Amino acid sequence: MNAPLLSIDDLHVRFPLSGSWFGRQRRMLHAVNGLSLDLAKGECLSIVGESGCGKSTTALSVMGLQEPTQGSILFRGKPFSGPQAPSRMERAMAAQMVFQDPYASLNPRQTVWQSLAQPLRLHNVTARSELSDRIETVMRSVGLTPEQATRYPHEFSGGQRQRIGIARALILQPEIVVLDEPVSALDVSIRAQIINLLLDLQEEFGLSYLMISHDLSVVEHMSDRVAVMFFGQIVETGPWSAIFSDPVHPYTRRLIATIPDPGAVLGLSREAVVDGPAQAPAGWRFADDGSSAPDVTQEPKPSELVEVAPGHFVRLSRS
Amino acid sequence: MFRRFTLAAVLCAGVSGLALAEEPRQGGTFNFTAPYGSSFATLDIQASPNTQEEFITQAIHRSLYAWDSINNAPVLELATGVDVSDDGLVYTYHLRKDAKFHNGKALTADDIIYSYKRVSDPKNAFPGASYVAIIKGVDDFAAGKSEDIAGLKKIDDNTLEVTFSSPVNPGFSLMQNTTAIYPSNVEDEATFATAPVGLGPFRFREHVPGSQIVVEKFDEFYEEGKPYLDRVNIILMSEDSARDVAFRNKEIDVSILGPTQYQAYQQDDALKDHLLEVAEVYTRNIGFNPKVEAFRDKRVRQAINHAINTPLIVERLVKNKAYPASGWLPISSPAFDKDKAPYAFDPDKAKELLKEAGYENGFSFEVTASPNESWGVPIVEAILPMLQKVGITVKPKPVESSALGEAVTTNNFEAFIWSNQTGPDPLAAMRCYWSKTAQSACNYTSYSNPEFDKLYEAARDERDPAKQTDLLRQANNLVQDDAPVWFFNYNKAVMAYQPWVHGLVPNANELALQPYEDIWIDDTAPASRK
Amino acid sequence: MTPLLDVRNLELGLRHGAQAHRILKGVSFQIMPGETYGLVGESGSGKSVTSLAIIGLLKKPLQILGGEIFFEGRNLLALPRRKMRSLRGSRIAMVFQEPMSALNPLQTVGRQIAEMYVQHQGKSWAQAQKMAVEALASVRVPTPERRVHDYPHQMSGGLRQRVMIAMALACDPALLIADEPTTALDVTVQAEVLKLIRELCAARGTAVLFISHDLGVIATMCQRVGVMYAGCLVEENATRELFVDPRHEYTRGLLGALPKLGSRGLHGRQRLVDIDSFIADRSRLTDTRFIAPRTPVSGEAGS
Amino acid sequence: MLRFTIRRILQIIPTIVVVALLIFVIFSVVPGSFASSLFSDGKTAADPQLMARLNEQLGLDKPVHQRFLTYVGDLAQLDLGTSFRTRRPVLELINERIWASLQLAVAAMIFAVVVAVPLGFLAALRPGSILDTVTMVGAVSGLSMPQFWLGLLLMYVFALQLNWLPSFGYGDGSLRNLILPAITLGVTPLALLARTTRAGVLDVLNGDFVRTAHAKGLSEAQVVRRHVARNALVLIITTVGLLFGSLIGQAVVIEKLFAWPGIGSLLVDSVAMRDIPVVQGTILVIVVWFLVINTAVDVIYALVDPRIKQE
Amino acid sequence: MKLGFNLILGGVLTGLVILAGLLAPWLAHFDPVLDADLMNAELPPDATYWFGTDAQGRDVYSRMLYGAQISLTVGIVSQIINTLIGVALGMSAAYWGGWWDDIVNGLTNVMLAIPSLIFALAVMAVLGPGLVSLLIALGLTNWSWTCRIARSSTLSLKSLGYVQAAQTLGYSDTRIMFTQILPNIMGPVLVMATLGMGSAVLSEAALSFLGLGIQPPFPSWGSMLTDARQMIQIAPWTAIFPGMAIFLAVLGFNLLGDGLRDMLDPHMRTRKL
């Protein structure tokens, strides 16, 4: 495997809890606890987990929207966070983001053209013809017509807005695109279109996706590798096929088992059904079975990610 | 020998009605209004120079002298007689034996010495200090060089010898409310501010801060059969329109009127017969600062006096609640010259004078003015178009009342409009134009004229009242010719009273100050007042 | 067997003077006693307003434009307000999507449940409070005697939804309307809540009108499914038949658009169906319908 | 709860300190001085010697920083200083006046609450009705009138024309004297409160839990009584608190118009006379009053709404 | 009241005030300052003096037209100052957070705790009466509400996709504030400013009443009303017309503000108290 495009090492993010600022030290919410991940060129890595598990915080840290408390993020081996982090302008060329809510992700006071042209101008694309060319190209590539660029966001449907959001993420031709629940706010039929679009674009431009999602069927459909997060930690990570066909961690298993997939529910495809209790490899035990929420203000108990199959890691404690 | 100044009393019809000899009725409550603010600063009158607080003094306190409103002169109050030395410096007072303080103490010479020492004590910085300063030795006392005031000597309990530093009439100074006599046996002087004790006809009963002072009859008052009233409520009412409603509503017994109300009351049949008017000893004027180049020329100052239609402003804007001024001293002053013509309204003459002075193209100046309706911004607004017609541009510079005094006394103005006390003592009034008087004291226009100085100094040293008056009249006319100010008007104070009120007097010093002990109310008063 | 609920040709919408803008364009379906019936559709298809029309809580300016709703033999639309009110809560109950805002933030959950007993069974507040503890226990809230004093904000989303269910089922209604009851919940919590509804209703013989946009949830819960599109019920069938053999074009598109768990393993990654290219003319969709003939109700849905 | 209360009380201290500094700074640069204001009516010729002596006596001849230290030092001991004019402790003066202000504020607030809350409630329950329209038109009109103009109008109608009520003053502190100023002062809070109540109740009525309550089979009246009222109360309490807290400050004009002996008129007089210690003290007291009321509201709020305490 | 009614009536009233102010030199029959003839003082309304004359013999109608200029200036300029301060502080505080936010919050709390009329009174006492002083006093008084609105609006926008996207696209903070946040918080800010214009006009009247109004002889409605309050019995027209003008203008501003709020955001319930 080549050197990873993006590599996150021992990322910690903590937030002060409000209140109690008299005298005593502030209590901290441990949102992300020692997360390490690599994203290879052209790959789609998904982080799945339920609300509050820290997956969005991780994404924001990658984007520079959230300062990590500890740990490092490297892009092509160079610091991407902390004091040596690149400027916003440089960072913009490396990574972009597609947001969850298509209604909140576009400035209602700007036309699509303005939304797309402004970042280009900022990055020294000022010639009118080049601006038009690039906007036209990106509009077409997300399945919109260039003429539609003169409109305001409220004139578009939810699916179309998400296309515009993707267009904006692509306009600076970044290498990494962070997808934050890119389809969860969309209706079923639109969802399929956007998923198809994202996969097409990845292929076309060789993009690397870091996707945040709680929807396992979408994750399975789109990902190359999957990381399962539970309260700030990765409990299991590996190639998509390993995670879905051979989940080890009890939390992963539970997550997959509870997906209300019609095929699985109606017994139409036996593949996806996870049977039986989780088994830890010999000499190990599960530090946490993911059945109840731990205290988020405390450091988690020591545990480590153990490779149970090539590229397939599970969080375990020595028994 | 005590000298009497006979000031011309300007009495109106209302007063003669009051003077009708009718048997005064005993008892009742009198609702008096204090119109000059929405609070009494302090009940310690020695500490306050404000008219507002004098209303209380009038009821509770007495000074060595008092003002005789009918004869317009200071008269002895707490002494039955006085012997004056030939050089006019040493006065021996024979104090009343029947005067008692509200705390039961009888008046003695000690009380007067105590009071004058308190007033001039530098630690207090009381406003009455300048009045008491006419007594010999006060300067040393105030400077801390002496434990006592040399000029005050107790002969016995009822006899006091006072030595003055110059031969002045002490009545004008020692009748001031800020020189009221306090009892010398009160331990905590701070209580004077909350529970005053005096010699007056009424004793303090209650102070509702911000609302009213209630005083009640003092049975041991030294004047036989007085006071008539059982109780006086001195009610705070600074807002003219509210006072108007309250008076029409018969909630209060007297009300001081502004120009607008004066006009309205004159037109109202129910009210017009009960108005008390008097020419007060205040001269309203616009003072010119010689700092402004144009004002150094007498012709310019005269031109302004000619350009303004003063009688019209007095008639229309001040609603005749004033007398057009023809000089510095007011009509009621003995040195007032009836024959001296006022500046005629003559814009052409004004233009001519300006042309002579080299200001035919006009100039502009600022008038620092407070919001007062009779001598403030509205007047400036009225002269503005008139002066514009002769080419002079006037800009009002409004300031708060409290800032006006500072602006003027620190010589920080181009022109100001103010009301200045010009009586009852004409010598004191003319002193303001003596070149040796400091600008900050009262020579606000930095007036300096050797001819005037000569006249003034001669008047000051003249012992013959008639000759003195004559010299002062000449001095006053000289000031009028020099026109260091625009002579606007002398105030006409007007008080409306309810038909059941009797015993009010036209006090030219301050109409609102009334002798409560002489007031009585008759049977037509509303039940709540009887 | 007579249906518990019989919605006949229901039309509702807005009326501007003589003009009417229809949101529901003649919807008919029946629910048998004890049956779980699912309404599935995308946003704006009219499934939620249908449920509000049934329980009689349509907000102005929405109004019924035509049709009938028979419940236990009575036409709800013709019922006096007072009668309708006494049915609400006791015979027809409802669980809403967002359990946080659907509960009164200033009352303990115990009191909110107890209110049902006071209102419909004439209990005293003290008695009702005790019954509320039992009701909480029945929805498997741990330590119900303590939780009964909690305020909604002190509970997790899953617990709150359990409280809503306890409240809805307090008076043993004949029909429970569940409008997207798990959409706001995490997937593991959703599974528990769905299981709870399924088991409790089965045990009590409560019929359920289950509304969701999630085909998986519908498949988990329902015996029969109606697919709504643009104010019309375009297809209705027993759940299994509908998923195995969708007859209507729109249903087929919808099912094809769904990424199916495990299918990538079996068939490799395939493009999902793009409904727009699948259906050339959307306006034609509401002209056709497929309503399967009724099959006898057979036990529990799903497997 | 106690900790919550204590914390809220501690939180207002920095605000008070900053306000104290701010007003010191403002009034240290104000033109005019107490000494010169004594002679501003022109009744007595200005006496420069006396003015100098007074300034010395009052410490005004000292440099600003020294006066500032004295001020801060006194303040730390809860000493608001001594009035220039009355030579009495400022606290004493305020104590004499504040009760009348409180009386007026309380009466105005009672008037506002008693009228506005039911009106706002009814208006919200029947939006678009005649009552709603009248209430809202009345409210916006009430907000658009100069207060002293309204007061004058009331004075002329009820005191002069109808002769029902005294036109001014505190009298002997009877209710009759209170009515006109209280109504005049109460109109603005009434209008605002009516609008807020209406908006708040409408908000609550649109809440999901009200729909739940309807789904439970409760009658309209039961829904309003059990579920709407208390939730709307939260907003009403906040508004009442804010309004009540600021009422003393608003009362300046009314107190002056009706010759009401409150601290508002004390303040205006003191500003005019440049009696700076009283000005500073009065403003500080008004501010503390506002903060205390708001803290009290927060505490009440926390009692009514269990969500607040937790944070 | 139907949606839009407020807006229309408010717009009409405000429009009238603006027209009166702008066209004053053409509509007025007399100079508001110099055409004072004491011989004509206190004339009742007639064909020459539509609204009568005042105590100085000036035409009340003409003075009211020029008074509209003053009232508009007071309302607009003071609100521009308020809005600039409030938006700058509120937006930056919410955007940057941290100690700056703490400072701005503290300052806002201080300003909220001092009743606005009293603060204006203090500022006027320092600056002295006059139009410029008044504009500064009222401009410094009420920004705290705008600041709060701007701050809370910015806070809610800050986490929205398009603001975050702007950051990831390399926009600088100031650019984000000006292009992404400012245009989207202008709605509620505009509503506050409109309502603030009404209260500024009322504050001007109140300060006039307390003797700290606008520099005469230029006419402001507040000072006209204050001057006329004693003449209500002998020359009621001098008080009625300015009183009505204030009432209708403030009503106009208030209705316009309410209307704008209904239009821009029916859920925004905050109003300056």
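A few comments on the model shown:
First chain written, first letter: the chains are A, B, C, D and E, and each begins at residue 1.
The criterion applied here is as follows: a contact is a pair of C-beta atoms (placed from the backbone, for glycine too) under 8 Å apart; a residue touches a chain by one contact, two chains touch by 3 or more.
Because the structure is a prediction, the values reported are computed rather than measured.
Touch-path distance (fewest steps) from chain A to chain E is 1.
The chains in contact with chain C as well as with chain E are A, D.
When you average the Cα atoms of each chain and compare centres, the chain farthest from chain A turns out to be B.
Taking each chain's centre as the mean of its CA atoms, C is the chain most distant from chain E.
A straight line joining the Cα centres of chain A and chain D is 53 Å long. Centre to centre, using the average C-alpha position, chain D and chain E are separated by 22 Å.
Between the CA-based centres of chain B and chain E the separation comes to 44 Å, rounded to the whole angstrom. In chain B, the residues that touch at least two other chains are 241, 399-401, 403.
Within chain C, contacts with two or more other chains are made by no residue at all.
Contacts with at least two other chains are made by no residue of chain A. Across the interface of their complex, chain D is touched by residues 36-39, 41-42, 44, 47-51, 122-125, 127, 129-130, 190, 193-194, 208-212, 235-239, 241-243, 245-246, 248-249, 251, 282, 370, 375, 399-409, 418-421, 428, 432, 438, 440-442, 510 of chain B. Remark: chain A residues 50-51, 187-189, 191-193, 195-196, 199, 214, 216-218, 220-221, 240-241, 244-245, 254-269, 271-272 touch chain C in the complex.
In the complex of the two chains, the chain D residues touching chain E come out as 14-15, 18-19, 22-23, 26-27, 29-31, 128, 132-133, 136-137, 140-141, 143-149, 152, 156, 192, 195-196, 199-200, 203, 239, 242-243, 246, 248-250, 252-253, 256-257, 267-268, 271-272, 279, 283, 286-287, 290-291.
On chain E, the positions that touch chain A within their shared complex are 160-162, 164-172, 175, 179-180, 183-184. Touching chain B in their complex are the following residues of chain D: 31-34, 36-51, 53-54, 56-57, 85-88, 93, 96-97, 100, 152, 155-156, 159-160, 163, 166-171, 173, 255-262, 265-266, 268-269, 272-274.
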